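Please find the structures below.
Shared between the two complexes below is chain A, which has chain B as its partner in the first and chain C in the second.
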Partner chain A sequence: MPIIEVRELTKSYRVYRKREGLRASMRGLFRREYTEVEAVRGINLRVEAGEFVAFLGPNGAGKTTTLKLLSGVINPSGGTATVMGFVPWERRNEYRRRFALVMGQKNQLWWDLPAQESYRLHQQIYGIPEDHFRRTLDELTDLLEVTPLLGQPVRELSLGERMKMELIAALLHSPEVLFLDEPTIGLDVIAQHTIQRFLRQYQERRQTTILLTSHYMKDVAALCQRVVIVAGGLVQYDGSLAGIVDQFSGKKIVTLQFAAGNRPEDLARLGTILETQWPRVKIGIARAEVPRVLATTLRDYAIEDVSVEDPPLEDVIADLFHQVS
Partner chain B sequence: MGDPHSATFASEPLPPVGIGDRVRTWWVIIRTALAERMAYRGDFALGTLMRFLPIITQIFLWGAIFDAVQTADQGGADSSLRIGGYNFPEMVAYFLLTMVARAFSSMPGLATGIANQVRQGEIKKYLIQPIDLVGFLLLTRIAHKLAYYTVAIGPFALVFFLCRGYFTDGLPPAHVLIAFVGSLVMGFLIGFFLEAAIGMISFWTLEINSLLLIFMLFSFFLSGHMFPLTLLPDSIGWLVNLLPLKYLAFFPAAIFLRKIPDEELAGELILEAAWLAFFIIACRWMYARGVRRYSGYGG
Partner chain C sequence: MGAELLIPNRSQADDSRRLTGTLAASRAAEKTPAGSWAAETRRYLRVFLTFARNSLIRDMTFRADFLFHCISSVAWTLMNVGFYLLVFRFTMMIGPDTGWGRDEFFLFLATVWFINSLVQAFFIPNANEFSELIRTGGLDFALLKPIDTQFLISFRRVEWSSLSNFAVGLLIAGISLHGLATRAESPVYLTPLTLSLYLFFVGCGVAIMYSLMISLAATSVWLGRNQSLYDFWFYITNFSRYPMEIYNTPWGRPLLGLFTFVIPVLVVVNVPARILARPLNPRADWEWQLAVWAVIATGLCLIASRWVFRQSLKSYRSASS
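Coming up: the complex of A and B.
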């Protein structure tokens, strides 16, 4: 029985189209033109308890909309979804006490107060028993290394520190399902790394089901066994990170280092030349052709070194996004 | 719908929330909001004290008006002159009392606060967490008022002491005092739910500042904040008297000064309670509709 089950979920928005200029604005007072924007066009997804799933996709692909639907912030236009057996957009308190959503910088902490005051409030709102609260708070502040900052007003914290505090606020009630929307956006490398490490440890320890959206491939590579690529409001891929390259990239990148003085002119016949820095040349070659091309190359030219690699994941995904949009 | 699968996933389920927990939650919300108020002590104290300045100009203004009217009428001083049913000391007492009423019923920043939360999407928090927006705002507002009274009680006491001469009839009897306090508390609640309902309009229009400005303007004149409503000509006075705005300032002051006959007092308070019920329902209904619209729309 999956913990999250989504079938043919769709969501379209009616968006007011405003033309440029004052006259158009005046006209807009009386007659408005609307366009339907289909943010999500039929998403299917099953997530088992304890999975850590990444949502990848270009901006406007429908990732955030999907998370909003699953957390009950918005109602769908069609389709069904259940999370832990609940229909999210019914917004029952029993459901709301068992999941959490962290959305980038949208803070649930009181700006002028130290984070610990907000945490106390959360304790009451979610009805967390004192010993449970203490234990969880200690564990979380320890893992995220923010114990000394608990008494400092939130407005005085750095972006990275604030994000950590937000995470703690979201995890105090030990949610069984956690939705993370861009948890590392705008953070420096060190803070990104801390949050990645934290999420990994936390998930291993608690076996919380986590759905994460991120633009940083490093987040995804470090955390998720499973990747769901959403583009154009549909699931384009669902599987392992490594599988993306297998499925969507038909080529390998072959780097040849020629022996001194050897400078052949007819390399274009081998494949697509990607980069030339004599004596090194990078060539994109169709996967199936690689053995044959390599054999020919080694026979015809004096080669000092050869390497065959998959194209970088970012490139494959960028290509994929490009194709879909 | 039921929850047949929860047992499969619950690792350490949170206990159910009882009424005792709920009251404790209310208290923690109030305490947190109080702490937040105290974060900007200086600004807060200054804002509180500045509220007393207008009363001085009111005293001078009405002193001049009474003088002028008397001179024009009879060319001599006559303390029995009444304007809108109020003699000069009563007029000053009236303004002091509306100041108290406004301290209960005014809700600075409530509607714009809701509008900002809707526009910036912070309203999400109340959809995701097991918490009710209207109840939460009411509790934080109670905290703001408590903080305000704590700071303002000293200056209020001083001003009333200095102006004690204007209260020529002394303290009203107990039943009037009780009605006065009741009207203040209901005034607070009407002020809250009325302005919260205006804030809820932002679910439909996003921008409510102009609307709010118009409301403030009307409220300023028709609540009795500027002058006793009995000053209005009968042709519009009856209409204004039907409006609920009078509960924000005029009504409590009129009760205290015994301008409302004893036999009408209970009926008037019941009418006020009915208006309060109306605004509670209106605000709740708009919130429920607004959230449905918001969540159907995105944001």
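Coming up: the complex of A and C.
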């Protein structure tokens, strides 16, 4: 029995199309043109308990909308979804006690108060017993190294520190399912790394089911065994990170190092020349062609070194996003 | 913090299992029907007290702002007192035979300040923030919490400085009551019954005002933005701050009907103030009928505001991530 099950989930919005200029605005007072925007066009997904799944996709692909639907923040236009057996948009307290949503772009802590005051409030709202609250808070602040900051007003914290505080707020009630929407957005490398490390440890320890969206490949590579690519409101890929390259990239990158003084002019016949830095040349070659091209190359030229690699993951994904959009 | 944390050791794993265990037990306990109502009430009360406490901490952080707000609102109220004292130098009563002499009228004004300061302290900042949360998408977080969303939205913030007018109201009410009780001709005394009825109807008045404000704020879901909240508050308090007899003219009667039966802001102050100040002695029958209507109107307003609130949540779209 999967912990999250999503079938043909759709969400469309009606948006007012405003044309440019004053005259158009006046006309808009009386007659408005609306367009349907389909943010999510039929997502299917099954997630087992304890999985750490990444949602990848370009901006506007429907990732955040999907997380909001699964959190019950908005109602869908069609399709079904259950999380731990609950229909999210019924917004039942039994469900809301058992999951959390963290949004990197929004904050829920009281801006002018120290984070610990907001935590107290969470304790009251979720009805967390005192001993459990204390232990969880100690554990989380310790792991994220923010214990000395608990008494500082949130507005005086750096972005990275604030994000850590937001994470703690979301985890105080020990959710079984956690939705993370770009938790590392705008953070420096060190803060990103701390949050990645924290999430990995936390997930290993608690076996929480986590759905993460992020634009940073490093987050995904460090954390998730499974990647779901969403683009144009549909799931385009669902599998391992390494599998993306196999499935979507038909080429390999061959780097040739020529012997000194060798600068052949006719390399274009081998494939697409990607980079030339004599004596090294990088050539993109269709996967099936690699053995034949290599044999030809070794026969015709004086070569000192050869390496064959997959193209970088970022490039493959960028190509994929581009194709879909 | 070090590498050893990467591997959960046995005691930590046990620990987290135990933690999950206690939480599961407390979750199970909340589901049992026996005593759950009392437990839920306690939880809501605790949350409200924490909101009030956090607001106070916040207000005290910005103490100059806090003081300035207290001073300016008390000054405004005292200016009003001065203004009405001037008016009463030219007349003995608001309208012939209405019974609203100076002491009665100042008791009426004290009631206005009680109700307005309560609404301004507890609900106006929340209603205003609610419409802002809708516009910015900040409502997301409120919808995630395992607690009634309308409760959470309505009580998040307490503007303590607005209660300074409550204190002024107490002072004016005290002076007026003393004046009424010590006058030579038909003195009016405070009895436990009139006081309880008064407090009850002040509560009804606050509830009616709250319902109007929260419903209006909820319309931000459909309107995209709604900045007319404070204007609206100003208009309706202007209508509700005088004895309803002043509308008793040919062209005023439609207004009287509108603000008694459709948007019942006239009963908000009039009903409790009449009970305490007793302008008509003996009381007229219509005064009791009006009081019964105030109770019904309170119920209807609360139900209607609940309905509007729920509809607005259904249509909530959540702003961009």
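Definition applied: the second predicted complex is superposed on the first by the 325 of 325 C-alpha atoms of A that agree within 3 Å, B and C clash if a C-alpha of one lies under 4 Å from a C-alpha of the other, contacts with A are read in each partner's own complex, and residues count from 1 in each chain.
The rule is short, and it goes like this: a residue touches a chain if its C-beta (ideal position, glycine included) is under 8 Å from a C-beta of that chain, and two chains touch if they have at least 3 such contacts.
Treat the numbers as computed from the prediction; the structure is a model and nothing was measured.
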{"item": "Clash-or-fit label for the pair chain B, chain C on chain A", "value": "clash"}
{"item": "First (chain B), second (chain C), both or neither touched by A:205", "value": "second"}
{"item": "First (chain B), second (chain C), both or neither touched by A:86", "value": "first"}
{"item": "Touching partner for A:97 - first (chain B), second (chain C), both, neither", "value": "both"}
{"item": "Touched partner set for A:110, first chain B, second chain C, both or neither", "value": "both"}
{"item": "Partner chain(s) touched by A:74 [first = chain B, second = chain C, both, neither]", "value": "both"}
{"item": "Contacts of A:129 with chain B and chain C, given as first, second, both or neither", "value": "both"}
{"item": "Which superposed partner A:142 touches (first chain B, second chain C, both, neither)", "value": "second"}
{"item": "Touching partner for A:39 - first (chain B), second (chain C), both, neither", "value": "first"}
{"item": "Contacts of A:3 with chain B and chain C, given as first, second, both or neither", "value": "first"}
{"item": "Overlap of chain C and chain B interfaces on chain A (superposed complexes)", "value": "13, 68, 71-75, 91, 93-94, 96-98, 100-101, 103, 106, 108, 110, 112-113, 117-118, 120-121, 124-129, 132, 153, 173-174, 206"}
{"item": "Footprint of chain A on chain B - complex, ascending", "value": "1-6, 8-12, 14-17, 21, 24-25, 28-29, 32, 35-36, 39-40, 121-122, 124-125, 127-131, 292, 294-299"}
{"item": "Chain B-facing residues of chain A, complex", "value": "1, 3, 11, 13-14, 39, 49, 65, 68, 71-75, 84-87, 89-91, 93-94, 96-98, 100-101, 103, 106, 108, 110, 112-113, 117-118, 120-121, 123-129, 132, 153, 173-174, 176, 206-207"}
{"item": "Residues of chain A touching chain C in the complex", "value": "13, 64, 68, 71-75, 91, 93-94, 96-98, 100-101, 103, 105-106, 108, 110, 112-113, 117-118, 120-121, 124-129, 131-132, 135-136, 142-143, 145, 153, 173-174, 181-182, 197, 200-201, 204-206"}
{"item": "List of chain C residues in touch with chain A within their complex", "value": "1, 5-6, 8, 12-13, 15-16, 19-20, 22-23, 26-27, 30-31, 43, 46-47, 50-51, 54, 57-58, 61-62, 137-141, 143-147, 149, 152, 314, 316-318, 321"}
